[in-house]
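In the part that follows, the structures are each spelled out as structure tokens.
Same chain, two partners: chain A is paired with chain B first, then with chain C.
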Partner chain A sequence: MLPDLLAVGVPWAVASIVLPLAVALAAIALGPHARHLVLPGALLGAVIALAAAAQVLAHGAWHHAVGGWLPPLGIRLRLDGLAASFLVATAVVACGVAGFSRRLFEPSARRETRAGFAFWPLFFVMWAGLNAVFLGADLFNLYVALELLTLTAVAMVALDGKAETLAAAIRYLLFALLGSLAYLLGVALLYARYGALDLGLLRAAAVPDAITLAAGAIMTAGLMAKTAIFPLHGWLPPAHAGAPTPASAMLSALVVKASFYLIARLWFDVLPAAATVETSQLFGALGAGAIVFGSLLALRQEQLKLVIAYSTVAQLGYLFLMFPLTGSAAAPQPWAAAAWTGGMFHALAHAPAKAAMFLAAGLMIKACGDGRLAPLAGIGRDLPIACFAFGLAAVSLMGLPPSGGFTAKYLLLTAALASGQWWWALAILAGGLLAAAYLFRVLNRFLIAPAEAAPRVAVARRDQAIALALAGVSILLGLASLVPYQLLQIGRPAAAVGGLS
Partner chain B sequence: MSPILYAATGAVLVGIGVFGLLARTHLLRRILAFNVIGSGIFLAFGGLGSRGPGSGVDPVPQAIVITGIVVALAATALAVTLVTRLFEETGAVTLPGEHPAEGPDAS
Partner chain C sequence: MTAALVFDLSLCLLIAAVALAAVLADDLFTAIVLFIVYGLLAAIAWVRLDAIDVALAEAAIGAGLTGLLLVGAAARLGGRGAPPAAGRTPWRLLGKAAPAALCVAAAAALVVLVLALPDDAPGLRPLVAETIAASGVTNPVTAVLLNFRGYDTLLETIVLAVALVGVWSLTPDRDWGSVPGARQHARPDGVLATFGRLLPALGLLVAAHLLWAGADAPGGAFQAGTVLAAVWLVVVMAGVLPAPATADTRVRLLLVAGPAAFLGFGAVGAAGGVFLGHPAGAAKATILAIETALTLSIAATLGLLVLGVPRRPA
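Right, the complex of A and B next:
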């Protein structure tokens, strides 16, 4: 690649938002022919994300003032290591899902289906919304991006129009809308207090007073409802399990991370001064609760996709352990940076693993014509590649070496022990054991001999290979963790090293 | 008439809306409650734009409120579509497991 293409000022960040939006509009215009756009669009999106990451690796973090307008009037995009790594993770998952769904929504010979028409515009607007959240450096712009994400996500859940998924979509919408409004109320309070919406200006001005704390608390509560952190997780399993398979993969792998990402940005980048030991410990307690309850509920499910959805509830819990483990500035923790990096690494490693698991599960359900666990007996013989993909993704979710999940949990565990907060170490270890329990319960079913030979619908090897490739990425993140690790350190917030508050 | 009046009215609207969203089960009522909360926040936000008599108005909250209204409209449209579809499929106007309360919700 030519070096000048990566110079500071080349708007890869803007391109990563504009391209998916343009593809979405073109997909609406092209109707049934939209599927020809999908692979070029997705691959171009991946190239842009990689270029943005290369730009950050070469020149460090930088701000792009959209249209040349500087804050407080203008809106900026912030491209740093964290944003770039989420852009790349999104692009990897999106490419996998695009390749997987290309023929799934192919119009039948007779007529175009509603899902086939709606899926691709929703998919690309969702991608644009995710990138806008990861790059946003303006609280209100982030609100618009979040809403874009919510509306596309809810529409995707409702895509097949069955009564149960409609109810799941409405429940999701109610949670998400209340969450968005809470976030907006917090934005209004911060604007009233500081007269700024730009994250950088707010960080410079923020002081730990009552209004700031109230705004931070309201915004966090709203974002937690959107992240489905325990005990606000009730909407997630029916919505993620009921959605069409490619939508489940996007929702569980990426969409819930966007609101978590904003919570992390809010506390580490904007309001580190307002955080206290109590708020950090509360976040950690919610995370630990999510790990234990999500895992226990995953153990009790009889539907394959519900097991995976409850596993998402559990895995999201790890992200919130990052807050207590970075400690506070008053009591700096020697491993604060490891805790922050571990939490972010977990969010990144979980994305391809969970997408691979949902895609593999979708293929198995298609082969059996049944979403329950019992009829899956012996499916390892019929869909060996999909089962291997599920197994590899499970390795990452359990946190076994050499996967990306292992690297993340190892960093978190080290931080917990080094800071003397052994109770969080217990939650991490219990989560790993419980994940092994609920995933081996499923894997075991794949491998036992069926009572009688069950009829299976044939599934294309290429679709199974896509699930395997995504699972491979989650393992690769552990084997080659140095580059993403370095990338995450670029433009890392000071609070991630010195501790919150 | 100070911004406090707008902020206080906005706070009351948010309170009414949150109550409606949590206490009512009829989905159309919940969508209306969502809009009441939104209006409360927009009112408070708009009132914050006041910079005292004679010194004009801060345009940023106005721009934000207009954008917010557009977003709320889109969300309401999606919600109403989903509820209509749910009614066509099942004849229900509440989420499964929740029943319309007696009294004002019974219709």
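Right, the complex of A and C next:
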């Protein structure tokens, strides 16, 4: 008889960190032969993520003391519904990106190329770093995981080696390092105050005194710089638009979410007692600013990838509406849990949609040999599948039914209206309209008849199909939202229901 | 006032003065030299705080290796990294005064926060002391790095490997796979060449000692690896051994050996129920085995980081 592979204690969570690290090390050692490992490694990673999610659905959240040492001495990993759903979202996007990149970074004439060597270790370590962030339950360990992400993300931005992308990469590095240092400073203060780094122990011990509040504020500011939330978004568009297409997809879909995820963990899991109405309204104001400002800037861009990058700035804003909409413990909101779930759902649904959009855009730019919007006229005839993928992803970003983006924005909107905070509802609606404006501006260009038949470079149908599959996932999340919804509720923090503070 | 207090206060003043001088220096090279001095003074401060392991790491990596990387970067920049000649226009003064004011404010806030910390802050030192018998080693720092919080160290070794991949990824495409670093010209009977032949024996001994002693006294894989890297660099600079090509399979295997051994050990533990769990009673053996592999990989990685991007044919 087969052993029960989903039983409690089967370490799928550990495997989701070990496997990508092993593939990354093998890729460094194997050089030009590494490409044979890429697809099996990515698919196995997806199987592991799905198994971890199934395990949580079947048996609930799982904790693992690494090395057998319990906190405060050791480090815990925590696999709950939230972590499992981010593992799956990451695996879905990573599989698409791996399939898309395999031929892009092929060795030329059996010789290893620079970008071909560097991309795969960076990609798999980035994947492992993301999973380590989602599973981490120890503030210092999370810092190390963030460093893995920063290093791999910056190196990926610089991969093309052009002067302007190097400048974007350096600016990204400075922002990200400043963010890491701020986070680390907060961690040091909390450790000095409470003698613990474990999220659960800190939550039990934390009191809203000056040091705790200062530490929380410093850590949040650092993580916000890494998330590129308005007004700290300046580094994001040149970095995400200048990176090679697969890197753009990983960075915009996943990497910026990791630091947001930590902000959410920090306030909902560790310091709900330290949150005040003012702080959560401030978070909301930054989010609303990001939505409006990012969308307006997206509307003014003339480069396709910059439109998509500014759209990321705008879409990240919705995540921060979660904080005011869950309300405070003093006045619990009936729809608080919907606001929390809606925010997380938005992070999950945005990932495949944004990855699909960047991959489709990369193919269109390759076909035109030009990154500007003007030469894209009529490309719908030449790359129908990529354009359809872009359109489907746009449906999710605009929040139209039946997409995952719709479900997320519907939950947020309901929470805003139910709690009487109509001003956030206005920001959500304005964001939807503005997204329609900047995306239809691009979609319209795809469909108009060109003045003269432009020469196009052929692109593989298979690569277009990958973009379409990812866009399909973001729609599917709206049609079949019950399972992810249930998954998110497992191990949900109490503050998501009872409100912050 | 005791002599120790006078010494500590002077050290603090000196550190602050050197840091300020490094920030204010007009010339990049001067700033780097002051930064190295700052690192060495900080290492002495760690000694005064009874944190010998941190002092070793600060001297070897914070001052030594980082200083070397900065010198290398400054050399490659030529004169281009120099700050623009100081003028006295109001905007330029404001441009300098604003960050300075911000730094002073941040430092002041930090001082206030640190002073507000409770005096009897609950550290983990007693718990580590209580549990150390089960860790396989008696040096608490090694116990934390390789056993209690081995997961952090595993990820740190990956950070190091990825840093090298990141540096290599900046190679011009045509030079990919070639040899890193500038060509060295050492006179065969010169001081450097003699040094390159004499130093390895001593350096290997020191590295091996640091690695072995790390179980019971300050030392360990990171310090041993740094010493080994320094020895290797002197050997390369003296022309005793050539720098290897980055495409060399043996180099690649050496780079991943340590992290791979650590990861493999963790995976075996996970299959047995505890990720990175040391077998009962044999923890010292597993820790030393992992540290030996790590020492070699750390030495190779640090040495190659200093040599920089590949830029000449094999």
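Keep in mind that, in the parts below, the second predicted complex is superposed on the first by the 496 of 501 C-alpha atoms of A that agree within 3 Å, B and C clash if a C-alpha of one lies under 4 Å from a C-alpha of the other, contacts with A are read in each partner's own complex, and residues count from 1 in each chain.
Keep in mind that, in the parts below, contacts are C-beta pairs under 8 Å (C-beta built on N, C-alpha and C of every residue); 3 or more make two chains touch, one makes a residue touch a chain.
All values derive from a computational prediction rather than experimental measurement.
J.: Is A:V144 touching the first partner chain B, the second partner chain C, both, or neither of them?
T.: both
J.: Between chain B and chain C, whom does A:G161 touch in the aligned arrangement: first, second, both, or neither?
T.: In the superposition, A:G161 contacts both chain B and chain C.
J.: Chain A residues in contact: does chain B have more, or chain C?
T.: Per-residue touch count on chain A favours C.
J.: Touch test for A:A192: chain B only (first), chain C only (second), both, or neither?
T.: both
J.: Taking the superposition on A as described, I'd like to know which of chain B and chain C A:H64 touches: first, second, both or neither.
T.: In the superposition, A:H64 contacts chain C only.
J.: Applying the touch criterion given at the start, work out whether A:A29 contacts chain B, chain C, both or neither, answering first, second, both or neither.
T.: So A:A29 only meets chain C here.
J.: What is the shared patch of chain A, the residues that chain B and chain C both contact?
T.: 72, 140, 144, 147, 151, 154-155, 158, 161, 166, 185, 192, 195
J.: Which residues of chain A touch chain B in the complex?
T.: Listed in rising order, the residues of chain A that touch chain B are 72, 140, 143-144, 147, 150-151, 154-155, 158, 161-164, 166-167, 169-171, 173-174, 177-178, 180-181, 184-185, 188, 191-192, 195, 197.
J.: For the complex, give me every residue of chain A touching chain C.
T.: Residues of chain A touching chain C: 9, 11, 14-15, 18, 21-22, 24-26, 28-31, 64-69, 72-75, 77, 111-115, 117-118, 121-122, 125, 128, 132, 140-141, 144-145, 147-148, 151-152, 154-155, 158-159, 161, 166, 185, 189, 192-196, 210-211, 214.
J.: Help me check something: in the complex, which residues belonging to chain B touch chain A?
T.: So the residues of chain B touching chain A come out as 14, 18, 21, 27, 30, 34, 37-38, 41, 44-45, 48, 58, 60-61, 64, 67-68, 71, 74-75, 78-79, 82-83, 85-86, 89-90, 95-96.
J.: Using the touch rule from the top, collect the residues of chain C that touch chain A in their complex.
T.: Those residues of chain C that touch chain A are 109-110, 113-114, 116-118, 121-124, 127-128, 131, 147-152, 155-156, 158-159, 161-163, 165-166, 168-173, 176-177, 247, 249, 252-253, 255-256, 259-260, 263, 266-267, 269-271, 273-278.
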